[in-house]
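Some structures to go through are shown next.
Below, subunit A partners subunit B and then partners subunit C, in two separate complexes.
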Partner chain A sequence: MSTTDALQESYQRYLNQLFDAKLLIPSGVKGVYGRSGTFENVIDQFEQYVTRQTRDMKPEVVRFPPVFNRQHYAQTDHIYNFPDLMGSVHSFMGREPEHAELLHKFQCCGDWAHDLDATEVMLAPAACYPLYPSATGTLPEGGRLVDLKSFVFRHEPSDDPARMQSFRMREFVRLGTPEQALAHRDFWLENAQRILKSIGLDVQPVVANDPFFGRGGRQMKATQRDQHLKFELVIPICSEEKPTAITSCNYHLDHFGSVFKINSADGAVAHTACMGFGLERICLALFKHHGLNISQWPESVRKLLDLS
Partner chain B sequence: MIAEKIRAILAQHARLTTDINTLSDASDLYDAGLTSLTTVNLMLAIEDQFDIEFPDHMLGRKTFGSIQALCEAVEELVG
Partner chain C sequence: MSTTDALQESYQRYLNQLFDAKLLIPSGVKGVYGRSGTFENVIDQFEQYVTRQTRDMKPEVVRFPPVFNRQHYAQTDHIYNFPDLMGSVHSFMGREPEHAELLHKFQCCGDWAHDLDATEVMLAPAACYPLYPSATGTLPEGGRLVDLKSFVFRHEPSDDPARMQSFRMREFVRLGTPEQALAHRDFWLENAQRILKSIGLDVQPVVANDPFFGRGGRQMKATQRDQHLKFELVIPICSEEKPTAITSCNYHLDHFGSVFKINSADGAVAHTACMGFGLERICLALFKHHGLNISQWPESVRKLLDLS
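== the complex of A and B ==
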């Protein structure tokens, strides 16, 4: 059996176990699943554990919906770098005659989606994307530390249960000076490992790159790795050889600061860094490593996550 | 000859903030306004012009940091 086939079989096996245990509910679309109350409770409890661990830092809590301003999307580089992952929201904007035409196509030919028009919004590719355009202006002394959470969308259908198209990200973002942004990234690289290891997830930090698109994307990947801008905490879920990133820590330099005109208190263009917990992936790693039955998880993990 | 072609590509694709004619072959192109995104345009244009493909290990900032470094990379790849 080839490595790819073995990996596919491993994905399918774990996915079927999750369906059989009724932790995930299939939808007919790869990477789009319902979650059971048990699954959700693990995510809730992990989040509350993170909240307890970060209370002393007094982050500003901000929640955005999973859609954001199309004009703000256009100001980022996303369309250059990740066109294949984007989610654009379209709707019907015609009148009655066009509606009749739409229904005709809907009933007979199936190509009705071509008659829709782009709305004012895009699906958020990361929880922090809507934050930066809202931060235009001058930051307070010491910068800002923001706690975010949102469903995000990435169009990458896969049999890997850990590669969902729609999933939640809990993020902590620092906006400030280069020193503040880097310190945030470095702090979280350690702190996230400590948090994850405390619940039995023996993650390893690795230098990583985003999946930049196409021939030009090779150059972006190399630059990102060269400059050590992205670290991931990985752990085997379906494969020992190809471990899964369940958390990432990223330094954006002045990218968002310059695009959205965010300045630090000293007047210079702000630098930003974000860390993100992939909540579903963490949950899937917990079920993989401790078993599908929570009552049999290690006592210490159940205690930390308040799972009685 | 290669340097002249690279200068022409830089003028067309790199969106530098400094006039290309004021730069020496050793000048730092990132100081002159090259960004990670414009490096992509530059890389693709050089690959097309010289009919080469940069291997992954040559895609870092060292290769794209100066006209001189680009000339050396292209010479190596053209063979």
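== the complex of A and C ==
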């Protein structure tokens, strides 16, 4: 059996275990699942644990819906770098004659969706994307620290239960001077390890890169790695050889600051950094490492996550 | 000033108050807003209140992501009845030459999104839509009672702060015999009034209809009203004359049961009914009726919602 086949089999086996244990609910689409109350409660409790751990930092809490402004999307370089992952929202904007045409195509099993019109929104590819355009202007003295969470979309259908198309990301974002942004990234690289290790997830930090598209993307990946802009915390879920990133810590330099005209209090272009917990992946890692039955998880983990 | 102008002005005034109070954050798209921590906390606390009120019923908790299977969408009659509200998710599925074409169109400000391909998913138009296809088969004795929540999408850009394009719906759905479904709808029509009145929202029940599309839709609206299938609980938010539905109680007869082949334990086609709380609308109604400053809300409301 090839390595790819073995990996594929391992994905299917774990996915079926999750379905059998009624933790995830199949939808007929790869990477799109319902979540049971048990699964959701682990995510809720992990989130509350993180909230308790960050209370002293007094972050501003902001929550965005899963859709965001198409014009803001167009200002980022997502369409250049990750076109294959995008989610563009389309709808029917015609009147009755066009509706009749749409239904005709639909009934004849044609590509009925092709003639829909692009709406004003895209699906957010990361929880922090909608924040930057809302921060245009001058930051307060000391910059901003923002606590975000949202459903994000990445079109990458996969059998890997940890590679969902629609999942939640809890992020802490720093907007300020280069020093503040870099310190945030470095603090969270340590702090997220401490949090995850405390609940029995023995993560390893690795230098990482985003999945830039195409041949041109190779150079981007190399540059990102050389500059040590992105770190991930990884842990095996379905494979020891290919561990899964459950947290990502990124320093964006002045990228979002210049695109969305965000300045720090001293007038310079703001730098930004974000740390994101992949909530479904963390939940899947917990079930993988502690077992599918929460009542048998280590007492210390159950206590920290208030699961007793 | 015409009634329409007066209503429009009232929308804008309340929306600006919500922006000024930093409860909602503008995104540049009508009906798409960020939510502050204060706004979110009211929603969280209302949800926990509802959870406490329903604990004895022991509903199954299930949570679906904001996207759902396009094939399941095609099995419903949404494209016939509400085409103008749909959200169809499209992505780029080409290789490098097609990417170059996409970027060319994008850079020349063409309709770059038109050539994207439809993905396997649509945005869910209601929290309960993804549940029915997952329930195909025979229900357990006594049927099922399911507690759902998700972000739903309706493409209806509006200045009315209560008419969001992307918002959360908390639903309780009953699948079973006609008697069980109807009893669920009637129970919740009473129970939701009790819950909402207890937090100072003096809602009125009204017979309602869904916003069926086009001229053919007029007949559908009339039939739905005649059969008393849908009730809403309404309360003024921006207008006394046009109060806003903040809760909806619907009896679907055997519609979803026959489309998705769901049978009750006795082998008959299952009937279904759902009750949905519009979480953002309830939150907006609370701020409208009790004021933008939570510390000045009635003590009884603050106590029930644990906001002290």
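Keep this in mind: the second predicted complex is superposed on the first by the 308 of 308 C-alpha atoms of A that agree within 3 Å, B and C clash if a C-alpha of one lies under 4 Å from a C-alpha of the other, contacts with A are read in each partner's own complex, and residues count from 1 in each chain.
Note that a residue touches a chain if its C-beta (ideal position, glycine included) is under 8 Å from a C-beta of that chain, and two chains touch if they have at least 3 such contacts.
Keep in mind that what you see is a predicted model, and the values were worked out from it rather than measured.
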| item | value |
| --- | --- |
| Which superposed partner A:D84 touches (first subunit B, second subunit C, both, neither) | second |
| Touching partner for A:F92 - first (subunit B), second (subunit C), both, neither | second |
| First (subunit B), second (subunit C), both or neither touched by A:F256 | neither |
| More subunit A residues in contact [subunit B versus subunit C] | C |
| Partner chain(s) touched by A:P130 [first = subunit B, second = subunit C, both, neither] | second |
| Partner chain(s) touched by A:R215 [first = subunit B, second = subunit C, both, neither] | both |
| First (subunit B), second (subunit C), both or neither touched by A:S36 | second |
| Partner chain(s) touched by A:T223 [first = subunit B, second = subunit C, both, neither] | first |
| Overlap of subunit C and subunit B interfaces on subunit A (superposed complexes) | 80, 215 |
| Of all residues in subunit C, those that touch subunit A in their complex | 25-30, 32-37, 40-41, 60-72, 74, 79-80, 83-93, 95-96, 99, 102-103, 106, 111-114, 116, 118-121, 123, 130-131, 133-134, 147, 151, 153, 155, 157, 164-167, 213-215 |
| Partner subunit A, residues of subunit B touching it in the complex | 36-37, 39-41, 43-44, 47, 54, 56, 59-61 |
| Touch list for subunit A against partner subunit B, complex | 77, 80, 215-224, 226-227 |
